[in-house]
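Below, chain A partners chain B and then partners chain C, in two separate complexes.
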Partner chain A sequence: MSVIIPQLSVGLSIASILLIVALGLAIIYGTMGVINLAHGEFVMLGAYAVWFLQTYLGIGLIACLLLVFAFVGGVGWLVERLLIRHLYKRPLDTILATWGVGVILQQTIRLSVGPELRYVKMPDFLTSSVHFFGYEESAYRIFIFVLAVALVLITYFLFFRTEFGLRLRAVTQNPEIARCFGINAGLTYSLTFAYGAGLAGIAGSLVSPLKSVSPDMGTPYVVDAFLVVVVGGVQSLLGTVASSYLIGQVSGVLAFISNDTMAKALVFFGVVVLIRLFPRGLFAMRVRRS
Partner chain B sequence: MSYNRRKFLKGTAAVGAASAVSFPHLWMKDASLAHAAAGEIKIGVLYSLTGTTAIIETSLNQATILAIEEINAAGGINGMKIVPVIEDPASDPATFAQKARKLVVGDKCVSVFGSYTSASRKAVLPVFEKYNNLYWYPTLYEGRECSKNVIYTGAVPNQQQKDFVPWLVKNFGKKFYLIGSNYIYPKEENNVCKILLKRLGGEVVGEEYVPLGHSEFAAVINKFKETQPNVIFSTVVGDSVVALHRQYKAAGLDPKKMPMASLTTSEEEIAAMGGEFAAGHFTSAPYFMSYDSPENHKFVEAFQKRWGKGKTTNFVSEPAYFQVYLFKQAVEKLGKTEFTPPAIRVASWNQEFKAPEGLVKISAQNSHTYLWPKIGEAQTSGQFKIIEQSKEWVEPLPYWAYPGQVCTPDGLVQKKT
Partner chain C sequence: MNSNRQAILRIIGYSIFCAAILAVPLFVDDAYLLNKFARYLVFGILSLALSLSWGYAGILNLGQAVSFGLGSYCMAMALKLRTIPIQTGAGGLPDFMVWNNVKTLPWFWQPFHSYTFAIFAGIAVPTVVAFLLGWFVFRARVNGVYIAIITLAMLVVINLVIIDQQSYTGGFNGITDLTTLTLFGIAFDAYSTATYYLAAITLSLCLFLGLAFVNSKTGLILQAIRDDETRVWYFGYDVAAYQNFIFCVSAAIAGFAGMLYTLVMEFASPTFLGVPISLSIVIWCAVGGRSSLVGSALGAIVVTGVQGSLSETPAFLDIWMLIMGALFIFVVLFLPNGIISLVDVIARSRARHSRDTAAEPIQAAKRSEAISRQSVSR
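Right, the complex of A and B next:
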C-alpha cells in the first residue's frame, strides 16, 4: 500500500498535466483534422500571458485563467482566420504552416520579452502540501488534477449538451451537408480552433509555476500532446482521457523503477507498438469519412 | 529541361567560380597565422545571443565587452586598442564551429573568447588546433581535457568538490542521491563525487540522469522520499534546475534535512525560480555576486552601470571578465606589436590577476586557472550567503579522477605504471 499511493499520485499528476495540454490539440485535430504544430507555442503563450499579468498588473494566477483563455483563444482565432482556413483541403500543408506559426511565435517572444527564464508565482494557498493516507502531495498538483477533470467535464458538456456542440459534431461528420442545413461551418471551425488554443493557454498558465517559463518550453508539450492524441484515438474525448492517464501512469512507474531517460524511451517504444496493433488509437470512432 | 553537355559544363564552371570567389582562403597560399598588426588587436567573442543557452551566454558576452571597454579606456594594450569581433553562434555547436573558423581564418583574430557548453567547446576545438590559434574558455566544466590551444579559466571538478563534499558529509550526512542531466558534465562530476564519498565512507543511495530540458520530477521526488538521502547532489542544468527546485518545495521536502547541493545553480537560476524555492540549498563555486571584496564591488557596479541595474553577475560571467585581463597581461608581457596565439599562450602562464573572486593565476602546467572555491547558501533575496571559503587558492587538476593521466604543457601524457 505504501508504494501504490505515491505511484498513483505521481501517475495522476503527470496524467493531468498531459491531459490539459493534449485536450486542446485533441479537439482541433479530432474535429478539424488540422495538425497544429503550433500547439506547444500556444501553451508557451499562456505561460507568458500569466507572467505578464502577474508581474505588471499584479493579478493572481487563478484570476488570470479566464483572461489567458481569452487572449490565447484570440490568437488562435486570428491564426485560423488568416491561415488555417485556406488549408483545410491540404492537410500536409497545415503541418508546415502551423510549424511556421510556432517558430514565429517563439522568436517573437524571444525578441520582445527576452530569452531568460521567467518566474510565475504559485497562489499562496496552494504552496503547501496535503497529507492523505500517510502520503504528502503538493497542493498545487492536486489543484491541477481537479482543474483537468473540470476542463474535461466542461468540454464534454460543450460538445454533447449544447447547440454549438451539435453544430460542431455535424460539421465534423460532413461539412457540406452541414452547410446545406444552414450551419456556418467557417464560424464553427474558427470558434473550435480558438477554444482549443484557449485550452492550451490555460494549460500553459497552470504549468508555469511548477516548471519554468522560456520561449522554447512549448516543443516538448506538443510532442507529448501528439502522443496522447495518437494513442487515444482521434475524435474521442474518452480516448484522450484514457490515453493521458495510461501514458502518465506508465511514465511515472517506469521513471520510478529505472530513471526518467529510460522511461521516456520506453514510453515512445510502447506507443509505437500500440499504434502498430491499434492503428487508429485505442478508442477509434467508426465513422464513415467522405 | 533536357540536360546536355554544354549546360552541364557551364553550370559546373559557374559553381566553381562562385565558390572560389566566396572562399578565397581555399586557394590563397598565404594562410598565415593570425597576428596583431596596424595598431589594433583583433579578438573574437563567441557567445550565443540567441537559442536555448542564450540566457546565460548573453551575460558572458556582456562581461567580456565590459572588460574590453575598460581596458581600451585605460589606454589599451601597449597603446593598441582591442577590437572585438562579435559573433552569435545561436546555441548550436555546428554554428559555433563555423563562426570559429570565420573568426580565426577570415578575421584573423589572435584569440577567441567563447563557449558555455562543453558540446560547443568540443565543436570548435578542431578549428583552434588546426590553425594553432587560442581559445579562452571561462565556463566550469568536467575536466579531462588538455588542449594546447585552449586556456581554461573555469573551475574543474577537483576545485568544485574538494571542500564541498567533505563539508556536506560533515554537516548533513553520508547518504547522497546523485541527480544530473544526461550528458558528460554531470557524469564526470558524479564520478569525482563518488570517489570523494568512498574516501569519506559515504554512500550513494541513487544515481540518475534525466534528459536535457526535462521538467517533470514527480517520480524523482518520490524516489527522494523513498531513499531518504542526507544530501541531493544535483548537476541538472537549465530549465531542469528551476523545475526541480519548485517541485521539491511543492512536495513538502525540507532543505534543512535534505538540501540540494549543486554545482550549477547560480543567481540567474534563482531569479528564474523565485527566491523562496531556492532558499536553504547550497552551491559550490569560486564566485558569488555577494562576495565582499573591493574588486567584486567594483565589478558588479560597473556591470550594472553598463548593462542595467537589475543585472546579476555569476560564476561564469566573472571568469569571462577576468580572462580578458589575463589576456591583456600576457600580451603586455610580449611587448611587441606582432605576436601569435602560441606566443600569447606561453606568456599567459603564471600570470596573476586580482579578480573579483580573489587572486587568480594561470597554471603553467595545464593552462587551467588557480581559483578560490566557496560554498554559498541561497537566500530568498536571490543572492548567496557565503558560508565557507577556501583559505588559499586551489590548484586545477583536470585529470584528478584519472591517476594514470596528467596534463602537461605539451598535451596529455599517459603515465606508465
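Right, the complex of A and C next:
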C-alpha cells in the first residue's frame, strides 16, 4: 500500500499534463478536423515564454500563466489565419502543413535562443511537500492536478454554457447552416485554434520547472496527446479526460515496473490493439466517416 | 492513342533518368563524391518507397524511417560480427557489448553470422513489423489521419527502445566500426564504384518495377482506394488487405534501402530511425511529387544534393531545416503534387485534349477540362 499511493499520484500528475495538452489538441481536431502536429511546438513555446519572462522580466510562474496563454494563443491565431484556413478541405495536407510550422517554430527558437537546455524555477511557495493521508506529495504536482481539473471545468463551461460555445458547437455540426444563421465561422475557427494553442502553452509553462526546456521537447507531447485523442474518441470532452488519466496512470505504473522507455512502448502497443477493437475510441459520441 | 503516347514518353523519361545515374561513375573519379552520390540515390529509393505507399495508395507513413533503420541495423549487425577479431573483443562479441558487460551473444544476434540471413532479415524484419501494424490498423478502418499519427508514434517508440537497449543495439552511438561487405567476390567498400552501381541499379529496378506495378490491376485498385476508399469496399475488394500489402512492399523497399545506407555510411545509428529523417523523407516525396515515382526520387536527390553542396556544418543545418519547413508549407499549399507536376502541366498544355491515365485521374480530368474550356473561349 505504501508504494501504491505515491505511484498513483505520480501517474496522476503525468496524466494531468497529458490532459492539458490533449485537451487543446482534441478541441482543435474535434471542431475543425485539423490535425495540429505543431501542438508540441506550442507546448515548447509556452515553456520558452515562461523562461524568458522569468529570466528577463523576473515574473513568477503563476503570474506568467495568463501572459503565456495570450502569447501562444496569439501565435495559434496567426497560424490559423495564415495557413490552416486554406486547408480545411484537405485533412492529410494539414498534417504536413502543421508539421512544417512545427519545424519552423523549432528551428526559429533553436537559431534565436540556442539549442542549450534552459531552466525555469519553480515558484517558492510550491516547492514544499504536502502531507496527504500520511504520504508526502510535492505541492507542485498537486497544483498541476488542480489546474488541470480547473481547465477542464472552464472548457466545459465555455463550450456548453456560453454563447461562444453555442456558436462553436453549431459550426462543428454544420458550418454552412451555421453561416446561414449569421455565425462568423472563420472567426470561430480562429478563436478555437487560438484557445487550443493557448492551452498547450499553459501545459508547457507548467512542465517547464519539472523538465529542462529545449527546442525539441515538444514532439513526445504531441505524439502522446494524439494517442489520447485516438483512444478517447473525437468530440468527447469526457473521452479526452478519461483516456488521459487511463494512459497516464498506465504509463506511470509500467514505468515503475520497468522503465520509462518500455512503458512508452507497451502503452503504444496497447493503443494499437485498442484501436483495432474500438476504432472510434472508447467514448465516441458521433459516428463520422471522413 | 494519347494514353499510349503518354506511357511511352514516361518510359523514355524514366530510361533517360536511369541511364543518367548509371553513367555518373564514367564522369566522376573522386571516390568521396561517388559516395555522396550513392547516398543521394539511397534517399531516392527511400522516397520512392514512400511515394508508392502515399502517392499511389493514400497511406501517409510518417514512420517510414522505421523500415529504413531496421534494414540498416540488420546489415550493420551482420557486418559487425564479421569485423576483424581485434575489434570485436573476446569471444567474438561486438565491442559495445563488451563495454556493457554482456557475457554471451544474444539469441537474436546469432543468425546474423550468415550474410544470406542478414540480407533476408533486412527486408523481412521491416516487412513483418509493417504487416503486424497494418493488420491492426487497416482492419480497424480508421481514417488516414490516424494512420499517419500511429506510424509516427511507432517511430518515436522504436527509436526510444533502440537507444534504451544499448547493450544489445549500441544505444545512442549505434553500431560503428564495420568491415567491408564482400559478396560474390566484389568488395562493396563505401567509396567504391561497386557500391554506387549497387545503389543505382537498385533505384533503376525499383523505378521500372514500380512503374509496371502501378499500371497493373493491383496498382490501379490501390489508386482507386486512395481516391475513394468506401467506393472500393462497395465494389467487393478487401481494401484493408490491399493497403496492408502496399504498406509492406513499401517497408521492404525501405528496408533494402537501409541496408544500402549502412554500406554507404559504414555505420548504423538511431538517427536513421529518428523523427528528423522521417520528416525529411516526407518532404522529399512531397516536394518531388508524391504521385510520381521518378518525381519522388528526384525530389530526394535534388534536395539532399543541394543541401550537401551548400554546407554540412551544424549551424547551417539548422537554417536549412528552417528553409525546408518553409518550402514544405509552400509545396503543400501551392504544389500539392510536387515539382514534377509542373512537368505534367507543361506537357499537357501542349497536348490540349489528352486524357491521362496517370496517377491522379480525377485531377487530370479536371485539368484537361479546364484547359479545353480555355482553348474554346480563346
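The criterion applied here is as follows: the second predicted complex is superposed on the first by the 286 of 290 C-alpha atoms of A that agree within 3 Å, B and C clash if a C-alpha of one lies under 4 Å from a C-alpha of the other, contacts with A are read in each partner's own complex, and residues count from 1 in each chain.
In the analysis below, a contact is a pair of C-beta atoms (placed from the backbone, for glycine too) under 8 Å apart; a residue touches a chain by one contact, two chains touch by 3 or more.
Being a predicted model, the structure only gives us computed values, none of them experimental.
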Worksheet item: Based on the superposition on chain A, does the combination of chain B and chain C result in a clash or a fit?
Response: clash
Fill in: First (chain B), second (chain C), both or neither touched by A:A255
first
Worksheet item: What is the contact status of A:I14 with respect to chain B (first) and chain C (second): first, second, both, or neither?
Response: first
Worksheet item: Which holds for A:K264: it touches chain B only (first), chain C only (second), both, or neither?
Response: both
Discussion item. By the touch definition at the top of the document, which applies to A:P220: first (chain B), second (chain C), both, or neither?
Written reply: both
Discussion item. For A:Y119 in the superposed arrangement: first (chain B), second (chain C), both or neither?
Written reply: first
Item to complete: Classify the contacts of A:E137 with the two partner chains as first (chain B alone), second (chain C alone), both, or neither.
Response: first
Worksheet item: Which partner does A:V103 reach: the first (chain B), the second (chain C), both, or neither?
Response: second
Discussion item. Taking the superposition on A as described, I'd like to know which of chain B and chain C A:F157 touches: first, second, both or neither.
Written reply: neither
Worksheet, complete the sentence: Of the listed chain B stretches (9-17, 63-71, 297-305 or 387-395), the one clashing with chain C is 9-17
Worksheet item: Do any residues of chain A touch both chain B and chain C, and if so, which are they?
Response: 110, 115, 220, 259, 261, 264
Discussion item. For a test of understanding, state which residues of chain B touch chain A in their complex under the given definition.
Written reply: 50-52, 54-55, 58, 182, 208-211, 213-216, 218-220, 222-223, 225-226, 239, 242-243, 246-247, 249-252, 268-269, 271-274
Discussion item. Under the definition above, what is the set of chain A residues touching chain B in their complex?
Written reply: 6-7, 9-10, 13-14, 17, 110, 115-119, 121-122, 127-129, 136-141, 209-212, 214, 216-217, 220, 251-252, 255-256, 259-261, 263-264
Worksheet item: chain A touches which residues of chain C in the complex?
Response: 58, 60, 62, 133, 136-137, 139-146, 148-150, 152-154, 156-158, 160-161, 163-164, 230, 275, 279, 282, 286, 318-319, 321-322, 324-326, 328-329, 332-333, 336
Practice prompt. Please give the residue numbers of chain A that touch chain C in the complex, ascending.
Written response: 35, 83, 86-87, 90-93, 95-97, 99-104, 106-108, 110-111, 115, 219-220, 223, 226-227, 230, 259, 261-262, 264-265, 268, 271-273, 275-276, 279, 289-290
